[in-house]
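One structure, as structure tokens, below. Some questions next.
By written order: A, B, C and D. Residues from 1 in each chain.
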Amino acid sequence: MPKEIKKIGVFTSGGDSPGMNAAIRSVVRTCAYHNKECIGIYQGFEGLMTGEFEVMDARSVKGIINKGGTMLKSARSQEFRSHEGRKKAYENLKKAGIDALVAIGGDGTFTGTMVFSKEFGFPVIGIPGTIDNDIFGTSHTLGFDTAQNTVVEAIDKIRDTASSHNRLFFIEVMGRDVGHIALNVGIAGGAEEILIPEEDLGLDRLVESLNRSRKSGKSSSIVVVAEGDKIGKNIFELKDYVDQNMEGYDVRVSVLGHMQRGGPPSCFDRVLASRMGVKAVESLLEGKSNFMVGLLNNKMELTPLEKAIKGKTTINLELLRVSDIMST
Amino acid sequence: MPKEIKKIGVFTSGGDSPGMNAAIRSVVRTCAYHNKECIGIYQGFEGLMTGEFEVMDARSVKGIINKGGTMLKSARSQEFRSHEGRKKAYENLKKAGIDALVAIGGDGTFTGTMVFSKEFGFPVIGIPGTIDNDIFGTSHTLGFDTAQNTVVEAIDKIRDTASSHNRLFFIEVMGRDVGHIALNVGIAGGAEEILIPEEDLGLDRLVESLNRSRKSGKSSSIVVVAEGDKIGKNIFELKDYVDQNMEGYDVRVSVLGHMQRGGPPSCFDRVLASRMGVKAVESLLEGKSNFMVGLLNNKMELTPLEKAIKGKTTINLELLRVSDIMST
Amino acid sequence: MPKEIKKIGVFTSGGDSPGMNAAIRSVVRTCAYHNKECIGIYQGFEGLMTGEFEVMDARSVKGIINKGGTMLKSARSQEFRSHEGRKKAYENLKKAGIDALVAIGGDGTFTGTMVFSKEFGFPVIGIPGTIDNDIFGTSHTLGFDTAQNTVVEAIDKIRDTASSHNRLFFIEVMGRDVGHIALNVGIAGGAEEILIPEEDLGLDRLVESLNRSRKSGKSSSIVVVAEGDKIGKNIFELKDYVDQNMEGYDVRVSVLGHMQRGGPPSCFDRVLASRMGVKAVESLLEGKSNFMVGLLNNKMELTPLEKAIKGKTTINLELLRVSDIMST
Amino acid sequence: MPKEIKKIGVFTSGGDSPGMNAAIRSVVRTCAYHNKECIGIYQGFEGLMTGEFEVMDARSVKGIINKGGTMLKSARSQEFRSHEGRKKAYENLKKAGIDALVAIGGDGTFTGTMVFSKEFGFPVIGIPGTIDNDIFGTSHTLGFDTAQNTVVEAIDKIRDTASSHNRLFFIEVMGRDVGHIALNVGIAGGAEEILIPEEDLGLDRLVESLNRSRKSGKSSSIVVVAEGDKIGKNIFELKDYVDQNMEGYDVRVSVLGHMQRGGPPSCFDRVLASRMGVKAVESLLEGKSNFMVGLLNNKMELTPLEKAIKGKTTINLELLRVSDIMST
């Protein structure tokens, strides 16, 4: 029988995403609701090393539900990668009387957390916080919805100037290994073509697609490119290619960059964060460990951390087809 | 065997919602993709009476994916409620060579469309466009996501002034029969209490909840009220009640009103609209009729219009519980 | 020769406005820059009574430049209106070693502050913080620019639904005594008519204007109404009047309310707040008192508080004419 | 005595800016108000060559006041730079019966327009449309206010992630020759340092400033860099310099790019555009030519085009000082 949990620690790690603060708030208030103590751990794994802990009550998380970023900060820790480092973390937790952890982050966060949990039998639950939506076991990661809206607003602005000047814009959006953001914002932003890591479109088809789009009477075009697209050229090389091989295009590049990670979370991400925080704490209180909470068919479900890390998310092929039809 | 469909009409009816334009665009472009003609019908059912039709090609819907409202306008038609009126509509459609209809709207739109379809054996497919999310057969209606974000941004602004003055705000949001918007924005806006049509909270519990919230150290409070809440008082009577029965509250009311219906659609609503438009047109081309397209488990699915109208959507009880825990 | 100033208190009072936090930040950092101590006084005049003071250094105001509302809160104080109350305030200030005050607020704030200053020879400088832009001695009060953008965004949303349904909307915006917001947002929102306190348009001209607008082919109309317009009817009575006396209008009312006061300040308001805070502190350090800092011809200027209170701002008649021409 | 003006042409040229559409709308409606005909000229100078003209009445400009970009498009024309080309333009105008021109754009637009006007005695008035605010004779160019808000929103988002990770961000904003945007958004975005073309800060001072900021307890920093800053390194070289010469910084770069040019104009820009359009048309009707309309001390004023082009705008030194104090 598992030991009763009286004190829960919470931390964020890896790249931040909108909704992390709302998730922290939910973890803290769910602890308060169940009369458990909650400890905020600063700087991710690094804070486990240094013992940068702080008691949090329901009022500590006032006014953060609508803030981007993470009030608990995030940092990488080389030390935590060694058994010795993790042992230090374990001792810090024990000393502080912390019985269980909620880890908010992505793949890397979950891997570190799982190894730690197995080594020391320490109860942990993960909450998927990343804008990339690349975690198996949840239809939406925290921040994915917000990031998409941020990108679409930027594309709308770029289209204003693109269509005033009859230009072709290559717009780079986040997504090193997955094209979820690119695919959705491409459709929503009315892009003529979308380049994603999951599909090698090939330069020829890109050229053909642009030509077709021009023949159909479009005077300006937008191509959305995921960071990790498979076409084998970076976005500036793409521009050069079109400049050199196609006539009459005025080509520009826009790399949206880090603004995609910030900003007030959308309604969806705030509600999702609130639900995930409740589920994470209550799962720990029920004696569960080494699971990730996720949204599946609009319900809160648990997936073993191991599966969440190893599983692959896949692109919705229907969306690729919708994108093709829309750029008619 | 159904007649081959060569010309498809599309119209919007009932209250407008963000995403309707994106859905029109998708219907038009999917027709173009399949080499079918598309006819825009203006003013909803009224346009069927008056024959306000216009040929639409892929370029006619340029630059509307990010616009709120509906370029085809929406209007009520008394005449369409009579058999005679609907006969006139049928004749107008025949005269124009239109073989099938895509109807974008809510309950009322679907009812009228279904009656018409049955009387004249006319192929129709419905797309659920309403911010209320009160249609059975889809997890999200077009505009629901956008409206939630609009409301949450307004609540964030009101909270700035509420917390500067230690005030209690009652905020009325749309939802005459259903509390979907209220429940989600209440959680996302950090409301202390949420009043919805589906649940009779009772004045006593509201009072108790406000008192508890104050005792817990909160200096300002927000109560989200759906238009159709069951507490038996309108929002101004609620204010008066608190003014008269509770001490030391500085109570204000804000009725968000029609701004909830407008604005550029969110990424989610644009993608949803694009998917629904494709599915609607392709369902007609496959010979289907009297269905509504919907999003179920993140897939496009068909539901008979009759079920869509009669079925009831229900409140997610988990959200009510999350709301309670968050207002700890 | 005035006593050297070593410790400056700052407070906000009256209705809050976006930019107040940025002004507090500027006062605090300008003090730090000049090696003076800065004391935050909570709850406006009320905090002077209760001595709710807090030492603030440059880091205390971190992350507030983009937050609406006021971190120092605002409250009314009956007690401060009496000489005895003000004496208590004076003693609290002396006890805390505070030598001078920066008061951020509107008319009422300045009146109280000036009386206090004269009674006790206490150095004070005012910063005009109100969305109404009704203070003499500055072309812009803090929050005016932000509030206008907030209102215009709301009108844009309402126009989406207005034009989808061919409706007439009366939209009420803040401004009990002055029409600055109404006049500017009316032009920017493309309103057909603007009703302001400074001008008695008369119902007849409103009716005439609406008729002309309809004849010119406009299918939907927006009328912006300042809270304090002189037409002698509130906005719901206006709706009823049109319903009863004009044919074929589908009239709706939207009262924008308190959301106009909140939200992240615009770039303009943040820069203005930063400039005003510097000028306020440096004016005190130069031995000045009983002035308000203001923006005149894009320069920081001082106006005696007495003139700021008694002076009247006037409507730019050119804007009225522009509005007429634009609704052609 | 000048010939009576009956038909006015309007075009946009050079880089587009938010508010250009609102200015076109104002020109068109002011013509309608004075019973003059208005002709829209597409593609800037290029349209003068090709005669791409269109009659515009009050309804032609419906629904564009809140749209970024320019409905009349903008393009460069090599041909217009030759006398022969300009002669062709003159003949096209004469053939179409156009008596006068309103030119909306920046420096380049005004230069071409002025040369043309002098060669053919053709009445012209300029409206300054550019986000850079680099035109003499107006305190604000069209689009400057909007662009600042767009940039500040982006900086707010980047700060979320910067402060979550304790990072240093270099953010590049528009401004090849002038630092107006950089200076204002730097203050409004809470930047630690601002690099502008008008001031050679020098790398040493940048390094010193970053060190001071860190010592003062700041964990994250933002440096705003105008495109044309004088420090002699591009933004990626700046990053490399800090990476190599300063310890313990995690440096990132964000180039905001073309999204700065688009988006719905702010309330300020819409009102300014409306005022400028009225003034431009009425100045032509009064027989004036070769002037630019501008905002000076909140009044519409005329400046000879020649002065507008040759005059230099200067940085407000007060703002530099405010920026220094704020980064205390």
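Note that a residue touches a chain if its C-beta (ideal position, glycine included) is under 8 Å from a C-beta of that chain, and two chains touch if they have at least 3 such contacts.
Everything quoted here is computed from the prediction, not taken from an experiment.
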Reference subunit D; chain at largest CA-centroid distance: B
Centre distance in Å when subunit A and subunit C are each reduced to the mean of their C-alpha atoms: 39
Separation of mean Cα positions, subunit D and subunit A [Å, integer]: 36
Length of the line joining the C-alpha centres of subunit A and subunit B, rounded to whole Å: 28
Per-residue overlap in subunit D, given as positions that touch at least 2 other chains: 156, 163
Contacting chain pairs - touch in the sense defined above: A-B, A-D, B-C, C-D
Subunit D-facing residues of subunit A, complex: 12, 15-16, 18, 20, 67-70, 73-75, 150, 153-154, 156-166, 169, 252-263
Contact set on subunit B toward subunit A in their complex: 25-26, 29-30, 32-33, 58-59, 62-63, 65-66, 139, 145, 148-149, 151-153, 156, 163, 184-185, 187-190, 216-218, 264, 266-268, 270-271, 274-275, 278, 297-300, 316, 318-319, 321-322, 325-326, 328
